[in-house]
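Structures incoming, each one as structure tokens.
Same chain, two partners: subunit A is paired with subunit B first, then with subunit C.
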Partner chain A sequence: MGRQILLEHINVPGINTFDVYRKHGGYASVEKALKTMTPDEVTEEVKKSGLRGRGGAGFPAGMKWSFLDRKSEKPRYLVCNADESEPGTFKDRYLMEKIPHVLIEGMITSSYALGAKTSYIYVRGEYMYIIRILEQAIEEAYAKGFLGKNILGTDYSLDLYVQPGGGAYICGEETALLESLEGKRGNPRLKPPFPAVAGLYASPTVVNNVETIATVCAIVNMGGDEYAKIGIGKSTGTKLISASGHINKPGVYEIELGLPVEEFIYSDQYCGGIWKGRKMKAVVAGGSSVPILPTELILKTAKGEPRLMSYESLSDGGFVSGTMLGSGGFIVMDETACIVRNLWTFTRFYHHESCGQCSPCREGTGWMEKVLHRLEHGHGHEGDIDLLVDVAKKIEGNTICPLGDAAAWPVASAIRHFREEFEYHVRYPEKVKNPKHFELEPFVPAAAAMATV
Partner chain B sequence: MSKVEFSPDTLALAQRIIKRYPEGRQKSALLPLLHVAQAEFDGWLSPETMDYVASLLNIKPIEVYEVASFYTMYNLKPVGKCLIEVCQTGPCWLRGADDIVEHFEKKLGIKVGETTADGMFTLKTVECLGSCGTAPMLQCGADYYENLTTEKVDTLIEKLRASDNRSTYMKSNMQEL
Partner chain C sequence: MAKVTIDGIEVEVADGTTILNAARQIGGEVVPPAMCYYSSLKDTGGKCRVCLVKVTQGSAKDPRPMPKLVASCRTPVMDGMVVQNITSPEVLEARKGVVEFLLLNHPLDCPVCDQAGECDLQNLSYEHGVGKTRYEEDRRTFEKIDIGDKIKLHMTRCILCYRCTFVADQLTQERVHGVLNRGDASEISTYIEKAVDNDFSGNMIDVCPVGALTDKTFRFKSRVWFTKPLDAHRDCDKCCGKVVLWTKGDDVLRVSARKDQYNEVKEYICNECRYDHKDMKDWTIEGPRHIDRHSVISQNHYEKIDMQKLKLDIDRQLTFQKGKQLPETTNP
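After this line comes the complex of A and B, so read on.
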């Protein structure tokens, strides 16, 4: 196992409680920051660390913090995005359930750096039992003097609250999340202004993912320069990966960025290889929104170099032959998985989750779902595949928020890399209309099947 | 129908929730209060319930309706005592979510979206619940049931029926499978 930062003490009994967490070095970053550093010095360390947003976009966290309007007279807010809803992603839930205090600690240290006096953790409503865990951890932190008035006897005071969502993927988009936190529908806002200037209650606001905020503790403790030494190139540090699908050991793994993808999939330390002794067919590497890649392109780049678990390596080749690290939702499909059906479930998801503000997304996701449904159920038409490509193109880049892109990319990439499987669905409706799911007979590439006709 | 009103304890909880936000920003309490209200009033939000929440927050009823209708966790129609929500998105599908849904339909004698005649179970399919590493899975109230098999589903149905509790997002009713 490589370097463990967030999950170092995951197996310590009672690590979910304040006392045990504290005994293992917990809340040290709060002490260090509040007693020996200015808020700007904390921000500086986060900048130096090269930490990139762990929610999916990968934007440098320190830079995001530096955009915060510090001249405004209005109160500032830190809001934690725990609306984890990207299919294939469950790392934040794991972290909050097992080590809730690392998030609370990160919230205090980060809120201090940003000058926030009130902060919120917005958790997706379905994670109601996680909300109870966080509320209990917050109660403990108040009781021990790490939250509330004059934390550790300093001038700094902070109140921290947990906010439940109501079940909407779109609220993972930061401006939709803020709308939701204000008690409204989760419709993303037009930008600018960005939240750093006008966020929650039109006040300067930073929204960061759970893992990003939790990582701030380690950065303050070890220093930004030290943290930047971990990982590879501009992909500094470690990343939590949620591994799911047809692998022997699904679960959450902390990896040092730069780990070869092949090792991650086949090593017993991580995914443990493909289940049932089967072969791998495809991988969605960063949550459902990122382009799907066939086995040969996920293991090696188009140039033939080993593909690494890093922001740069996974996106090598752009969308022609690469993908994205995204949220780290790593979904593996074996040779029996039907790419069309999997894509249909994703597209149904985006259609369901579109907020409906922008017509390309509201209508386009519905069209794509409908066309994929008929392809999968043996009613596909000639021309459906080009129609899908066309609709995806018309959504991409034409919406207020990235949900439209997130819906378009999986469609475009699945057709780019597995076009013959879509053609097979059009040509052999009888063979594909079996409504059953994954135990389809291993897929016969269209060319081979046609040769036998 | 009796008047829609929180019990004194629940009302105190609602007041504590409202205090989490700056003055004048009480509307922020809407989503949490709708969860509280749904749990208090039989697992769904009637127009009367929503009007009551609006009055607590001093906002217009339409502001509540438009929010309640946007988010999937709020039920705008009555549901069975146990709302079974089976995840059907890609990662769960890859691990056999279809089998789980089919098994529920067979065992309960209803289709997705329907409620059993005794009012005990409503079956629903939902999109990704963030439990992909423990797929297939379902949510019933506050509880996640993971790594499901058809045998586990049989046990769950039996135990939920025996416990006879209403499932709500606010309180665990976890059954050992």
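After this line comes the complex of A and C, so read on.
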């Protein structure tokens, strides 16, 4: 196992309670920050650490914090985005369920750095049991004087609230989250103005992912420079990866960024290889929105270098031959998986979750879903594949929020890398009517078939 | 003041003006179409995406182009900004896509729709749409419902521009209707049928770009191009009282607010003027309403040509044609 920062004490019994957590060095960052550092110094450490947002976009967290409008006389807010709804991603759930205090600690330290007097954790409605865990943890923190008025005898006060959402995927988009938090319909806002200037209640707001905020504790404890040494290049630190799909050991793993993808999939420390001794077909590396890659491109970049688990290496080659680290939802598919069926499932999700505000996404996601449904159930025809590419192209970049892009990228990439499989569906409609068609008769690409002849 | 170049035509506008409004100051072909933006309603726009334009130069200070197409109705101009609208093939392609998306679930029942002839979506698809649809599946359908006793909601035709919800928010005391559900299942609705009941609710009909909200007192009475529009006014203590009467012989078939050249109402009228005074005697007639020459409603309405206006139009066309020949920018 590589270096563990967030999950170091995950297996300690009772780590979800304040006392055990405190005994294992918990809340040290709050003490250090509030008693020995100024808010700007904390921000500076986070900047130095090179920490990048763990929610999906990978925007440097320190930079995001520095955009916060500090001259405004309005109150400032920190909002934690715990609306983890990306298919394939379940790392925040694990973290909040097992060690809720690391998030509370991170929230206090980060709120201090940003000068927020009130902070919110926005949790998706489906995580109701986690909301109870968090509220329990917050209660304990209040009782021990880590939240409330004059924390640890300093003149800094903070109130922390947990807000359940209604369970819409779109509320994970930061401006839709803020709308929902304000009690309105969760529609994304038009940007600019950005939340750093006018966010929650039109006040300067920072929205960060659970993992980002939890990592701030470690950064303050060990110092930004020290944290920056972990990882590779501009991808510093560790990252939680939610591994799922056709692997021997699915679960949440903390990896040091820069770990080779091959090692991650095949090493017994991590995923433990493909199940049932089968071959790997494709990997969705960062949650359902990122482009899917076939085996040869996920293990090695187009240039032939081994691909690493880092922001840069995974996106090497752009969208032509690369993908994104995204939120770390690592979905592996073996040779019996049907790419078309998988894509249909993804598209069905985006169709269901589109907020309906802007026309390309509202109409386009539904259209793509219907065409894919047709293809997968053996009613497709030749023109459908190009139609899908065209529809995806017309959605991408033309919508208010990134949900349109998220819906378009998987379609464009699946057809780019697995076009033959789509053609197979058009050519053999009778065969694909059985949902398990590739389990009965694995798909063989033309090139591989030629090689065996 | 900010100087902005749209399709090769330079214009100076006040700071904070949107690209769309800057283009409207130039007028003519360079004006991006708009389905959801409404100049007299605050915060509208940004949703339909037909007004997307390409910004090839952000400003004089920061000349980088914007990475994506932007919604011109909500993007303010910067000094030195260079914008491409119909000179950019990328914009036209995207717009064609958006029109296709808008028509995807639209029933295209124009032959029986009361809005036909004055419908923004019809105009838009004539200009940017294609003749044939690539959509093979069933379209979404809804039941027709009454919202208020004078308004029929035909949700199947709706393109979800949200204008009517802004009318309810900004012109009336209480908003009783809104958007329910999500994605392509979302619909404009009230929880209680016929709940919309206030003095200015009728304006929902005027702002609707399609035939989703229609006037029940006018439904199926006449095709709009068979009527004769007249400007008229009356003293009204609730509103400005300036209206258009849509008449046939001596009968007033419909009363609506006055729309400008972009089909937008500047001065809203009250429900009393709209529904309760369908008699010529109640109105002071000002004369025939000017209808744009390209509109089907202008058939058989002959107007004297305004030579000065025609010259302005020609001059603008010439400048525009020159602008078209500008070299392509280096940043595609």
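We adopt the following convention: the second predicted complex is superposed on the first by the 437 of 453 C-alpha atoms of A that agree within 3 Å, B and C clash if a C-alpha of one lies under 4 Å from a C-alpha of the other, contacts with A are read in each partner's own complex, and residues count from 1 in each chain.
Here, a residue touches a chain if its C-beta (ideal position, glycine included) is under 8 Å from a C-beta of that chain, and two chains touch if they have at least 3 such contacts.
Note that the structure is a prediction, hence the values are computed from the model and not measured.
Of the two partner chains placed by the overlay, only subunit C lies in contact with A:N398; subunit B stays clear of it. When both complexes are overlaid on chain A, the residue A:G251 reaches subunit B alone and has no touch with subunit C. With both structures placed on the common chain, the touch criterion links A:G329 to subunit B but leaves subunit C unconnected. Touch criterion met: A:E353 reaches subunit B and subunit C at once.
In the superposed model, A:A168 lies in contact with both subunit B and subunit C. Once the two complexes are overlaid on the shared chain, A:G145 sits clear of subunit B and of subunit C alike.
Of the two partner chains placed by the overlay, only subunit C lies in contact with A:K370; subunit B stays clear of it. Residue contacts after overlaying the shared chain place A:R185 against subunit B and subunit C alike. By the touch criterion defined above, A:L387 reaches subunit C but does not reach subunit B. One of subunit B and subunit C touches more residues of subunit A, and that partner is B.
In the superposition on chain A, the residues of subunit A contacting both subunit B and subunit C are 168, 185, 352-353, 355.
Subunit C meets subunit A in the complex at residues 45-50, 52, 68-69, 71, 74, 93-94, 97-98, 100-102, 104-105, 134-137, 159-160, 162, 178-179, 181-186.
Listing the residues of subunit A that touch subunit B in their complex gives 75, 84-90, 92-93, 118, 124-129, 161, 163-169, 180-186, 201, 242-246, 250-252, 284, 288, 329, 331, 333, 337, 341-342, 345-346, 348-349, 352-353, 355, 435-438. In the complex of the two chains, the subunit B residues touching subunit A come out as 20, 22, 25, 27-32, 34-35, 57, 59, 63, 66-67, 70-74, 88-91, 93-99, 127-135, 139, 142-144, 169-170, 172.
Those residues of subunit A that touch subunit C in the complex are listed here as 168, 170, 185, 190, 351-360, 362-367, 370, 374, 387, 393-395, 397-400.
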